[in-house]
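Since the structure comes first, as structure tokens, the remarks are kept for the end.
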Amino acid sequence: MPTFAGGIHPPDKKELSQSKPITYVKAPKRVVIPLRQHLGAPAKATVAVGDDVKAGAVLGTAEGFVSAPVHSSVSGKVIATGEFPMALGRPIESVVIENDGKDEWVPLQDDPSYMELPPEVIREKIKAAGIVGMGGATFPTAVKLSPPKEKKVDVVILNGAECEPYLTADHRLMIEKPKEVIEGLRIIMRALGVNKGFVGIEDNKPDAIEAMQNAARPWPEIRVCALQVKYPQGAEKMLIKAVSGREVPPRALPMDVGAVVQNIGTTYAIYEAVRFGKPLVERVVTVSGEAIKEPKNLLVKIGTLVTDLIEECGGLLNGAAKVISGGPMMGFAISSLDVPVTKGTSGILALPGSGLFHADTFGPCIRCSRCVDVCPMALNPGLLSVFAEKGHFEDAKAHNLFDCFECGSCAFVCPSKRPIVQLVRFAKSMVKP
Amino acid sequence: MFLHDALPVLKFTLAFLGGLGVFFGIGLAVAAQKFAVQTDPKVEQVRNALPGANCGACGFAGCQSYAEAVVASTGVAPNLCAPGKAAVAEQVALITGKKAEAKEPEFARIMCQGGKSSAVKKFVYEGVKDCRAAILAGGGDKACRYGCLGYGTCAKVCPFGAITMTDEDLPFVDITKCTGCRKCEAACPVKVIEVLPASKEVLVACHSKDKGIDTRKNCKVGCIGCGMCVKVCPFEAPSMASNLSRIDINKCKSCGLCVGKCPTGAIKDYIPQRPKAFVKDNCIGCNICQKVCPVDAAGGELKKKHSIDQAKCIGCGICTAKCPVQAIDGTFNAPEIFQAAQAKKELKASA
Amino acid sequence: MSEKERQFIVSVSPHIRSDVTVARIMWSVSISLLPALGMGLYFFGPRALAVVATCVVSCLVFEAGMQKWMGKPVTISDGSAFLTGLLLGMNLPASLWSFNPFLIHLPILGSFFAIVITKVLFGGLGYNIFNPALIGRAFLLISWPRAMTTWLKPTAGLLGMDAQTTATPLGILKEDGVGKLMEVFGTRTNLYTQLFLGHRAGSIGEVSVIALLAGGLFLLYKRYITWHIPITFLATVAILTWIFGGKDPQTGRMVLFAGDPLMHLLSGGLMLGAFFMATDYVTGPSLRAAQVLFGMGCGILTSIIRLVGGFPEGVMFAILLMNCFAPLLDRVIKTSPFGTVKTAAAVPGGPKA
Amino acid sequence: MSAAQKISYFGLIRNGIFGENPVFRVALSLCPAVAVTNTLKSGLLMGVAVFFVQVMANISISIVRKLIHARIRLPAYILIIGTWVTVANLLLAAYEWPIYKEIGLYVELIVAFAIILSRAELFASKNEVVPSLFDGLGMGLGFMFALGAISFVRELLGNGALMGYHVVNTHPVLLFALPMGGFFAVGLLMGFFNWIDIRFFGGHGASGAGH
Amino acid sequence: MLKLFELIVAASLVNNFVFTRYLGLCIFMGVTKKMETALGMSMTFTAVMVISAAINWVAYNFVMEPYHLEFLKILVFVAIIAGFVQSADTIMRKVSPGLYYKLGIYLALIITNCIILAVPLTIAESHYNFIQSLVFGLGSGLGFALALIIMASIREKLELADVPRPFQGLPIAFILTGLIALAFVGFSGLITL
Amino acid sequence: MNFKEIIKITLNLVMVFLFAGVILALVYAKAEPQITLNKKVEKENALKALIPAAANITSMGTYQPLEDKTAHYYKAVDAKGNVLGYIAGSYSKGYSSILHMLVAVGTDMRVKAIKILDEGETPGLGDDIHKKYFDDRFKGKSLDQLVVVKDVDPTKIQAITGATISSKACTKGVRAGVKFIMKQYGVGGQTTGAMGNAAAACPPAAGSGSNQPLKGVK
């Protein structure tokens, strides 16, 4: 079965939520919508305190090429603007809207002949909808779909690997909306002028593979392939390697080897945007973990606070010690539940204190090479961590520090329990690439 | 007899060695002349200051290489010569300009007093004990994002061992060791360290630009921007900007008035023991000092020699400045004021 | 604490970790050495036990004492000092525990050299350049060569207090040639069997090949070690001793392709060295390609020392010498990061599932 | 000689023994410190040889310092040092034959000792004869002290003896009697002195070239 | 031929100047702090060693022995090496500055390295013929180069280690050299010359 | 720099050389006889220690024992001129060095004593060959008894524990010496130099004369 070299097999814990259908969460009373939910320049606010907005209304416009607009997810009144805490810790310029409960939308237009649209129009629609990579990287999708002329893209790969433990959002989406996802893929292929599409799905989701295969049956140019279960199968470069056999060189983009990878959630959002003109104002979020009373997959309005999500799932169990936004391997721990769900939030996990790994003490590197074996980028993470620890940042850079994409496989296997990812990030913050 | 024995040996020896001498002498001289290379005069100077033993202890390939390196690169320390020790290091430093001219010493000042017991933490941090790494996890665990993180990066990078961490998890700067090299300032990720002239000893030890109410919530000793210091300062040194008081070190006279007035204790006084004012015999008992004293330390009956309550006095020097006969001494500005008065007198006399 | 005031833990990803720890690795290696130790004790009696126990205890004491003195956290529970003591003890002859009051302190001094000089002074676990147990043994061998080359005859008795001494098979081979070896062991089959079971003179832990193999395979199975070092090490020794190990019994000159690789594989400390000492993480290179070279280097040096060098056994020196070269190997051999090696571009047909 | 001068001469000597000890502090001339310090006697004799060469070289270089052309300073100094080394070599061979047989090669190699050349350049070529003499005395004594300390430790540990007399009746640690034991002895002694420096005198503990 | 090969192995490994004859330590400790210097020094040193063995062999066998001036060997060897090195330094600097900055700068270090003198002295004492002298010089140079490179690579690694403060720098380098010397005992008895 | 400079530098250097030459020549002239004497005395003492009763020990020439080396051999006579025994230098390849030894043989062609002059064997193990206990094992042995065995056997040479190679090498060297002396002086052997090139051709290293008897030194 195809895969990449390296990688690990963490306990996947997907049984907690994989059989829970996506449920729609009632819009909360109040949403906090950050103006920067994507890589690149923050959106520029177009509303002021006191303005009435409808769901889907633009709150901020994209500033520059690598940027994305932000839309209101509810209808109501803007009650505050300013810096509000975000999951990453640092406060971010946001718009707070009080929900009037009417759920009034800006007019949306169904366009059944969306497959006939020219690529530029598709891109324009995607851009206007504020769609970004919803796997967590939050790179503006319209940019990804506008490769420069000299880069010939010939294959689109849908990322159904969802290799992070606990997370089942994409999994559910593939089971429940396979047709729409495949349509989304076809839109992307059309936008890029590509006639080869793959859907890579890890082998531990046979139901999703089946559903997607059924949905893709009419389209011979689309192939659904099962991949070996291995973390980080869902990382762009790893997925491309597994599916197409191509290796993306260091610091190059997938389009340099002619490939574009899209997340399942993003693809679904693209379908909705191109077909209905619907902006990205909601997404599927897995709320899971041993410290959540009732793990669920929720369809959530962007800007909903994490507290509301957790309440929807029955609240935290006693002993919850760590709450993570995203997966346990690459997500970040949050210190406050009063932070909003953003376009990149794929999951909210609550882990209990008992059995939790504590990263406060760690030993010296004993050079066991486990990290070297599992590093999907074929680096020497242990050495990088020692360089960072001792302040030899330039040496770390010379050992390809910046090729690391912080998947955490090394730290997972490290017997000395070294916080390798943190040290790598530390070193990256100390030297210029 | 002995000489007779030695003679044949001597003969051969001298002939052989003399020949060698001629050969090498001419060889070296010609080589030196034919292949002369222009060099930087500084390199030559350094080279002459070095021992010339080419021992390699500096890690460079001999004295010439080290001289070239130390002149060419600012990163090469002037004290690498082991046989030369301190004396040579000094010379090399002077030649290469790696030792700055004498000027007022500067010390690192920590602009945060929010230690373990006074500042609120927003979460439990687990990971690398280094501020620069800790800030990568949720922006640091202090609720106040302007506060010292307390993981001792400054202490780690200090080349002189001048910074230690207190029980409060705050850095303490030992000014006898601090050289003002700014390594800590550069390393601190929240920029809570400022390197300031040694004489500036009254500083607002807080960087919080949060609203007063938020600052108070996060920290007991933060600047809440109340403006009290601005009001009380006789020299207009503090000013307010974005909820934070900032003392202009060019105006500040270190009188220490604001220190006592600050409601949260955010202003830190680095003077270990403040001078206390005392009244000299030429007091005329005018009572002006009583009126101007901000802490009610001065007083006494009119027309009689006043006294100053040493327990209350903060040595701010306002009374010294206001006293018409320069009868109050002991404050920080006393010598200055006396000198000015003297000059005035002389000017008057000469006129 | 109410729900609102609860403080969560924040750390950088990943938030889950595997359950393999340094302590678990160290203790597993220790356990995998037990069969070989048991065989050693069976053949050499209580003196062997005394030697090993002294080494283990003194290693633990030195490690804990030094850490305490230097104000560092005491980490003897991670098992690394225990393992060092165990390996050192198993690398010593049982005769080291004798009634000679001047020699009783040897295991203790060896442990001192292993732990303090080789490890603590270099910064403790993870930073030592040389395998501590082997340095401890080399130090003892140089300082007390006679005591360190006095081998007890295996007796399989439990009261081997005044057992006879004899030479090791490799010692006999070096000094008197194959003929004498055959004389002592009878037939070749008998020789192999005895070597395989461990009925021979030698260091406490090195004699029983079958027990060492069991331990080594356990480690391989648990993936605490990989094949790269031990297999290349053994293979190199086998090939080189086969090619160059033969001697004409009359003239004493070398005959190519006439050696006895099996005898060389089974004798001496080769198995112990290949599976338990050369595979030491800290003192070997960290990349797999470098490890293959490391194993080959160990094999070449072992063969050279055994066949033409001064010592009958070369495993210890070979590993120590390769320890010197490990940083160089690490420096020269680098990983080629993902994507730097050009792969056959574009397989539009997709993967063959 | 005035009182003030006496103090400074004493200072020069003290500097050589403690402040700038050629082995432990400046970390030069390490080969003999390792190679010929297995017994106290040979260590001290080596020390005497270096002492002699250092003093004589300092004196003679100080005398001729103004006559030597700058271009050939280095070769000329080496020649002068080489001369005195040969003298020491011949004298030792003539009058201390048994020990000379052991340390002979290292006596010949004194000529390449960086410490002697560096003192010649640093001090003798810039100072009058008498201070140069005292500087040489100090350096020579410092070298003797260092070699004495190392060989004391090594003979005691390696042979259980001092000056050839057995003092400890046990199986000694042969390693320390072997030349390679010198590495350990020097390393451990250097570390020990650094530790004392840090622990009791608040020093930085950096020895010589090892910054 | 075999004899010469044995001579090289003996001079570089079995009787390695640094690890078994304890010479050249000052330079050894100095230049192994950085791999770059260690490499440059190795190459320069090996070259000078061979040349110096040749020149000194000629001087010794054609001048000093016939006239019974052996007692001058220290002076003459050191003068020849110093003169040769100094002129090589001067000429190289002018003729090929590129090469000079790669290798030539290490010439200065050579004069205070006792190995450079120990080699001709050993050659004189062992009565090697001309070819043997060259081979011995080459072997010694290679042995020193090997020692430098090993040591530099290990010290680079030690940079990252938490060596206790009193032992940082030279003390640990000495102990390290001792440990390497302990490992090099393994080569003893390999070749008896 | 001009011609004058060159001359100046040259003169400078020549001066240093000459100055050095004078000192050295004088010291050498003074020290050289003493050094020669040292070497001579050392050699004589070594020989004398082997056959203490001898009044005269005379070099009889050289031969080639082993390892392509050339060694001297000597005849020892007492004051009356009676031959007390012979001494042969010998070489042998040991464990890590070439052993250099002297073998004293009685007129009965049995070993009287041996002395190891130079060796570089393993300290604490092989270098026991120069210890008395081992050297005594050679006393009184005839050529066919010079065989190394590992067990206690007073009629053979018992090897040093753990240093069989060195013991064997030493014995090999002794055998070579004894063999040569037997060939030269033994029963049936000639009394003159068998190799013809004896005495005069190769002067003893120590003395300046030819084969002058070395006067015993007290």
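Letters A, B, C, D, E and F mark the chains in the order given here, with residues in each chain numbered from 1 onward.
In the analysis below, a contact is a pair of C-beta atoms (placed from the backbone, for glycine too) under 8 Å apart; a residue touches a chain by one contact, two chains touch by 3 or more.
A quick note: this is a predicted structure, and the numbers were derived from the prediction, not measured.
*Asks:* Determine the set of chains touching subunit E that also touch subunit F.
*Replies:* B, C, D
*Asks:* What chains touch subunit B and also subunit D?
*Replies:* The shared contacts of subunit B and subunit D, listed by label, come to C, E, F.
*Asks:* Two chains share more C-beta contact pairs than any other pair here; which two are they?
*Replies:* Per chain pair, the contact count peaks at A-C.
*Asks:* Taking each chain's centre as the mean of its CA atoms, which one is most distant from subunit D?
*Replies:* Chain A.
*Asks:* Measuring between Cα centroids, what's the chain most distant from subunit E?
*Replies:* Result for the farthest chain: A.
*Asks:* Give, as an integer number of Å, the spacing between the C-alpha centres of subunit B and subunit A.
*Replies:* Going by mean C-alpha positions, subunit A sits 48 Å from subunit B.
*Asks:* So how far apart, in whole Å, are subunit B and subunit F when each is placed at the average of its C-alpha atoms?
*Replies:* 74
*Asks:* Would you mind pulling out the distance in Å between where the CA atoms of subunit A average out and where those of subunit F do?
*Replies:* Their C-alpha centroids are separated by 87 Å.
*Asks:* Could you say which residues in subunit D touch two or more other chains, in rising order?
*Replies:* Subunit D, residues with two or more chain partners: 27-28, 71-72, 74-75, 79, 82-83, 86, 90, 114, 117, 174, 178, 180, 184, 191, 208-209, 211.
*Asks:* Send over the residues of subunit E in touch with two or more other chains.
*Replies:* Residues 26, 29-30, 71-72, 75, 79, 83, 86, 111-112, 160, 162, 164, 167, 172, 175, 182, 185, 188-189.
*Asks:* Touching two or more other chains, which residues of subunit A qualify?
*Replies:* 89, 332-336, 358-360, 364, 419, 422, 425
*Asks:* Each pair of chains that touch: what are they?
*Replies:* Listed by label, chains in contact pair as A-B, A-C, A-E, B-C, B-D, B-E, B-F, C-D, C-E, C-F, D-E, D-F, E-F.
*Asks:* State the interface residues of subunit E toward subunit A in the complex, per the touch definition above.
*Replies:* Answer in residue numbers: 159-160, 162.
*Asks:* Residue numbers of subunit E touching subunit B in their complex, please.
*Replies:* 26-27, 29-31, 33-34, 37, 40-41, 63-64, 67-69, 72, 75-76, 79-80, 83, 86-87, 90-91, 93-95, 105-109, 111-112
*Asks:* What part of subunit B is in contact with subunit F in the complex they form?
*Replies:* Residue positions touching the partner: 2, 5-6, 9-10, 13-14, 16-18, 20-22, 24-26, 28-30, 32-33, 36.
*Asks:* Going by the contact rule set out above, which residues of subunit B touch subunit C in the complex?
*Replies:* Listed in rising order, the residues are 121-127, 136-138, 141.
*Asks:* Across the complex, what residues on subunit C touch subunit F?
*Replies:* 142-146, 149-150, 174-175, 310
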